[in-house]
Amino acid sequence: MNVTLDKTFPMPGSASVAWKLLQDIESVAGCMPGAKITERLDANNYKGTVSVKFGPASMSFRGEIELKQVDESKRVLRLIGKGTDSTGSSGASMDLTAQIEAVDENSSNLVGHSEVSVNGKAAAFGGRMMSSVSDQVLKQFAANFAARVQTLNAQASPAGSGTGSEGNLQQPGAASVSISATAAVADPSAAPTHLSAFGLLWGVIKDWLKSLMGSKK
Amino acid sequence: MITSHFEYHAPRTVPEALKLLGDLGEDAKLLAGGHSLLPMMKLRFAEPAHLIDLGKIGELRGIAEAGNEIHIGAMTTEHEIVNSSLLASKVPLLVEGAALIADPQVRYKGTIGGDISHGDPGNDHPALMMALDASFVLKGPGGSRTVKADGYFLGLYSTLLEPGEILTQIRIPIPAAGSGCAYQKLKRKTGDYATAATAVQMQCKGAKVTQVSIALTNVASTALRARDAEALVMGKSIDDALLNEAARLAMSICEPMPDQRGDEEYKRAMCGEMTRRALKLAYQRANQA
Amino acid sequence: MATTHKVSFKLNGKDVQTDVESRELLIHTLREKLMHTGPHIGCETSHCGACTVDLDGRSVKSCTVLSVQCDGSDLLTVEGLEQGGVLHAVQQAFHEAHGLQCGFCTPGMLTRAYRLLKENPNPTEQEIRYGIAGNLCRCTGYQNIVKAVQLAAQRLAATPA
Amino acid sequence: MGNMNELKEREDKLQGMGTSMLRKEDARFIRGQGSYVDDIKMPGMLFGALVRSPYAHARIKKIDKTKALACPGVVAVLTAEDLKPVNLHWMPTVGGDVQAVLADQKVHFQLQEVAMVLASDRYAAADGAALVEVDYEELPVIVDPKKAMLPDAPVLREDIVDKKDLTHGPRTHPNHIFTWEAGNKEAADAAFNSADVVVREEILNPRVHPSPLETCGCVASFSKATGNLTVYVSTQVPHLFRTVLAMLSSIPESKIRVVGGDIGGGFGNKVPIYPGYVVATVASIVTGLPIKWVESRIENISTSSFARDYHGVGELAADKNGVIKGLRFSALADHGAFNSHVSATKFPAGLFSICTGSYAIPNAYCRVDAVFTNKAPGGVAYRCSLRVTEAIYLIERMIDVLAQKLGMDKAEIRRRNFVKKDQFPFTTPFGWTLDSGDYHTALDKVLEAVDYEGLRKEQAAKRADPNCPTLMGIGLSTFTEIVGAGPTKVCDILGIGLFDSCEIRVHPTGGVIARLGTMTQGQGHATTYSQIIATELGLPASDIVVEEGDTDKSPYGAGTWGSRSTPVSGAATAQAARKIKDKAKKIAAHLLEVSEGDLEWEIDRFKVKGNPSQFKTMKELCLVSHTGNLPAGMEQGLNAVSYYDPPNLTYPFGAYLCVVDIDKYTGETKVRRFYALDDCGTRINPMIIEGQIHGGLTEAYAVAMGQQVPFDESGNHLGNSLMDYFIPTAVETPVWETDHTVTPCPHHPIGAKGVAESPHVGGIPCFTNAVVDAFAHLGVTHMDMPHNAYRVWQTCNATGVNKR
């Protein structure tokens, strides 16, 4: 059960700020509803969980995120996340290529191309919701990400920009201390979208339910 | 197909249930008929730590006439609705719709409140409620509020019902005598959700439509009110050309999700077909009445 | 782990009491604790009706009922249809009309037919088909089951209980 | 006249062949006293739950049992590693392949068995199963068999990549299983080259599942004290099951007891040996405790043998009068991840070559290519003999296609090609000898019963009316089945011939016990076998007990599938009874002091010709046979065993007609009328035959109108619960009209042929033919199953009939 999504989201911040944030995998994960980096294996490999509990629905995927490519010149980043759910009955993976396009000094675009695939029970019973769900996931992600960009953009000083790619690549390690998924929840601008992210995962779960059950509550 | 562990609670009154819901918070889920929640829990997609069974709360059951309204307790079962002579005479649309839900055993347990709270666009009551201009009584820690069915369904599985609130009663204005109604539902087999379905409640003067509401099941992330189609038929007498146009207008607002029942094109087309049939039948009935 | 609940109910006229976990399903309590293996498990998602029992005068699918919900209830399973060594009319009719083959759906089908005829003593063929639509059968094609229910209806009408 | 009444009374008392005796089986079922495998509860019994793969193709990187083992109630977690020491992590298949019992390093299909959690009860087992952590590395997936043999296709079966042959000839690709051919290609090609008209159609038999209401399951119980293994299992083949277990476990077959008990339907699903059975058995041997394993419905639809998945191509060549000159059928067979397809050794594609059907076709050739895909393994005969549904579907569809091409009536073209009554026995170009038949009479009887001409007129009128909201279709199917496998000279499984057996013991007071190697699943064997004996021995069927399914009690037999019970075991029963009757006759002659030649049989007694007052009833002879008053040298008792090796298969046939009305705007198909005439030779119990036909037609309806096991491109199941998988309820199921003719089987002791599968095999093409016929005037020649509203609407839409 695969779905491919191409999306462009406007970012309230400069390309360099957005790009810097984009390379901070923990922050990126933090923008993913319910996602969390649990361990950094090396510069490009992380362990993490995507776990959501809402209403009666709970699904938690544990897996790995690999930073596949960072192209400083094009501001392109590609990462792949894979995982299995806690009951071992579903699998999910996302191959995301994200690019930051400059618009002007205070705005940019996040251009995302992602291939999402779901396996097992989640596909059997929730599969037909895939595209709309992934679509909403990205929207939630973008909203959270934009909120961060805005915050960082405000803080951004001329010195802050123009940091070399070297520095940027080292940043995730350091950043993982300062910024994390829990920080994202704390982030007031992220909080409401995080809540509606609950809403959407609630949707996923209830959807396969609908596909399964002939009957009702 | 075994659920994980949970605690079971069976409050006897609504305040008791509300208190439990408040105390247990996000870990608790309300149990109505159970035919959605329990299978979901058996597949371990849902693992609530607490179930609050509303089944033992007598005040949540029953169908009564109150002035120009029918009041239905949220835990009233589909079986009770299908067999209610009061509803048969006053709100036949609800009886016609409920009779097409699931199967006999499920109708003995499934409740109208569960169906509505679920906010599932595949459920039949949301569209029926919209067509009937029903209101819902929501009780919460802060007291009680009444909201219109039209506007209650926000998106897939999200409704105006807040965490900590319980839907306790459904209020349906009794349609004027001489109304016509119809619920046309296409499904693969008994027990299935609608591929598409349309509910129509209508009044006519002479051959002219003087009041009409049209609501659509399972063709978007919520039940839909087909307002353009309603506007089109208002004040007119219905013929095939008008039916075609009304169907086209209904189809134009569909955003169905593809599944084993069909792709978007088919579901949209079936929404049009069910709309045309429901309108035609409701019109006939209104004119016979 | 989860606490257990003492649950008491009438089962085919007899008082029974048993301890159940919150999550225990009625079908498992009946089959594995109370040794009533008449009701069967066919799908576990409340589609097939093989687990149908009569709970407080309602046909329910016992794979989708928590045993703890049944405290104080009155339960009837297929084992309770025969009274004083005399088969219930639906049992006799299923036999005479060849309304069963492998027998797996039969207990649920009989229990459902029993309730259907209590509510509608003189059903049309369409009413019977609609009334047993929650019970799947893979063997008979339902035609003889419908005949059996009609036959049972005649018998019951002839001898008011 | 009094004599006539007296004779009739005696006759009626027997309730023998031809009477609609009520079923003996019912007594326990209507009381809820059946004994199905999940009803069994034994002291200390553990429950096994399988951990299954969410991926269709993946490498297993790691299995972590820690959390599961810590779960309360969990006793053990078994994986392939644990089965290796006893070399049971893989098992040989009947198809000449091997199948993973528990996934060994790799999973090959979604929900493949990866581990089994053993726990004190099913609740703890489920808790434990959810806690087994398996790390997978996804691999490329093949779902479409058409892609399996592409040069760059991923190799699915690395374990056998070096095997050049899976016992059915050379493999030409790592994903290739076998290529099987029959008939004469040159002759067929020649017929096509010189034909007036040629038709070709691609015809799919989609992947479906038999889905009996009771899923598969077992309780394996090994006694460390005695070394005896008892397996209670929902199987159609208890004796073969025992033999396979002996081969796998190396426990002496004499120490293994397999008990079938009551079976909640089989329909082919309960012929194979599934991994769950093997793991449960090993677990019991290891723990010394009884182990119960029972499938959930989702597991059943997803993993235990599917049926069909035959991607066929049909070609017919004919002259301008519609007389068929040549046939070329081929099929690409999707066998899933392992070739655990159950077929007789010599028939890797089952009886597919029966595909000339009821027609005298001079030149024919067929070919089947079987391949691996990342789907559940299997390929069972779903209420048919293996691959017969696929074969008959092809011919019954293609003859319609030919009729349309020629603009000929679909009944007329059948008449022109039928094997004629006086041509029987008729040997087909594939070498099958159709024993007997009268196809013209059967078809004409049906056409008259439904007023075929009238229906065609009505159809023409409706087609002429643009305002008609429905499309009317008339479908015909005049099929010939091939059942009763089978003659040991051609049919064996694992080298064991497909004979069958019956042992009869007569007690002094006339009570009889008969034991057979078959296994009833609702067919009413206990009733029909006793009726055969009642007629043969003149003893009342009510006093005859039939036992099956317990391998310790019954003589060896290949079980119940392929409608073989009556054709094979029914014959064994009659023959065993006749041995007893012959002995009884000797005793009667001895008692009446006449020669055997002076005796004649009358219902329940031997009487002296011309002296009716001189007779001995069978009941009397039963007692005498247990005394010393016997002919010199004769042993006591009236017992016999018969092992019946059929000289030929049997060929029941039928003529079906279906009328459908299709809603142009929704695609919904309503079956207005279905008239089924069956000829199964001698009819033993008309009531049971009718019930079997109702059931078979309903399963045919399910397959034709809604059943399919759908996958996405990653091998994920998209419809493996009863929400999506179509099992019609009483509301959807049509009303069936039945009729019959009787053409006894010439080579069967009682002339019976077997019937339960005819309505399935003959019904499916009849539905499709009706649906396609509704669109025939619009140039539609074929529509693939299932004909659900969604798919039929697409044809309505494509042909524009739904325009307002």
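To keep things simple, chains are lettered A, B, C and D as they appear, and every chain counts its residues starting from 1.
Methods note: a residue touches a chain if its C-beta (ideal position, glycine included) is under 8 Å from a C-beta of that chain, and two chains touch if they have at least 3 such contacts.
Everything numeric here is computed off the predicted structure, so don't read it as measured data.
Looking at subunit B and subunit D, the chains in contact with each of them are A, C. Chains joined by the most contact pairs: C-D. Distance from the centre of subunit B peaks at D, each centre being the average of the chain's Cα atoms.
Distance between subunit B and subunit C, defined via averaged C-alpha coordinates, is recorded as 29 Å. Inter-chain spacing, taken between the CA centroids of subunit A and subunit D, is 52 Å. As a whole-number value, the distance joining the C-alpha centres of subunit A and subunit B reads 35 Å. Along subunit B, residues 1-2, 4, 34-35, 39, 44, 102-103, 106, 190-192, 260 each make contact with two or more other chains.
Under the contact definition stated at the top, the residues of subunit A that touch 2 or more other chains are 87, 89, 121, 125, 128, 211-215.
In subunit D, 122-123, 130, 296, 718-719, 721-724, 729, 731 are the positions where the chain touches two or more neighbouring chains simultaneously. Listing the residues of subunit A that touch subunit B in their complex gives 53-59, 87, 89, 121, 125, 128-129, 132, 199, 202-203, 205-217.
Contact residues on subunit B toward subunit C in their complex (touch as defined above): 1-8, 10, 34-35, 38-39, 42, 51, 53, 55, 79, 102-106, 108-109, 190-191. Those residues of subunit A whose C-beta lies close enough to touch subunit D in the complex are 1-2, 82, 84, 86-91, 93, 117-121, 123-125, 127-128, 211-214.
Residue ranges of subunit D in contact with subunit B, taken from their complex: 122-123, 126-127, 130, 296, 298, 665-666, 668, 706, 710, 718-719, 723-724, 726, 728-729, 731-732, 788-790, 793-794, 797, 802, 804. Contacts from subunit C toward subunit D in the complex involve residues 1, 21, 23-24, 28, 31-32, 35-45, 47-48, 50, 77-79, 81-82, 87, 91-92, 94-96, 98, 100-107, 110, 128-130, 132-146.
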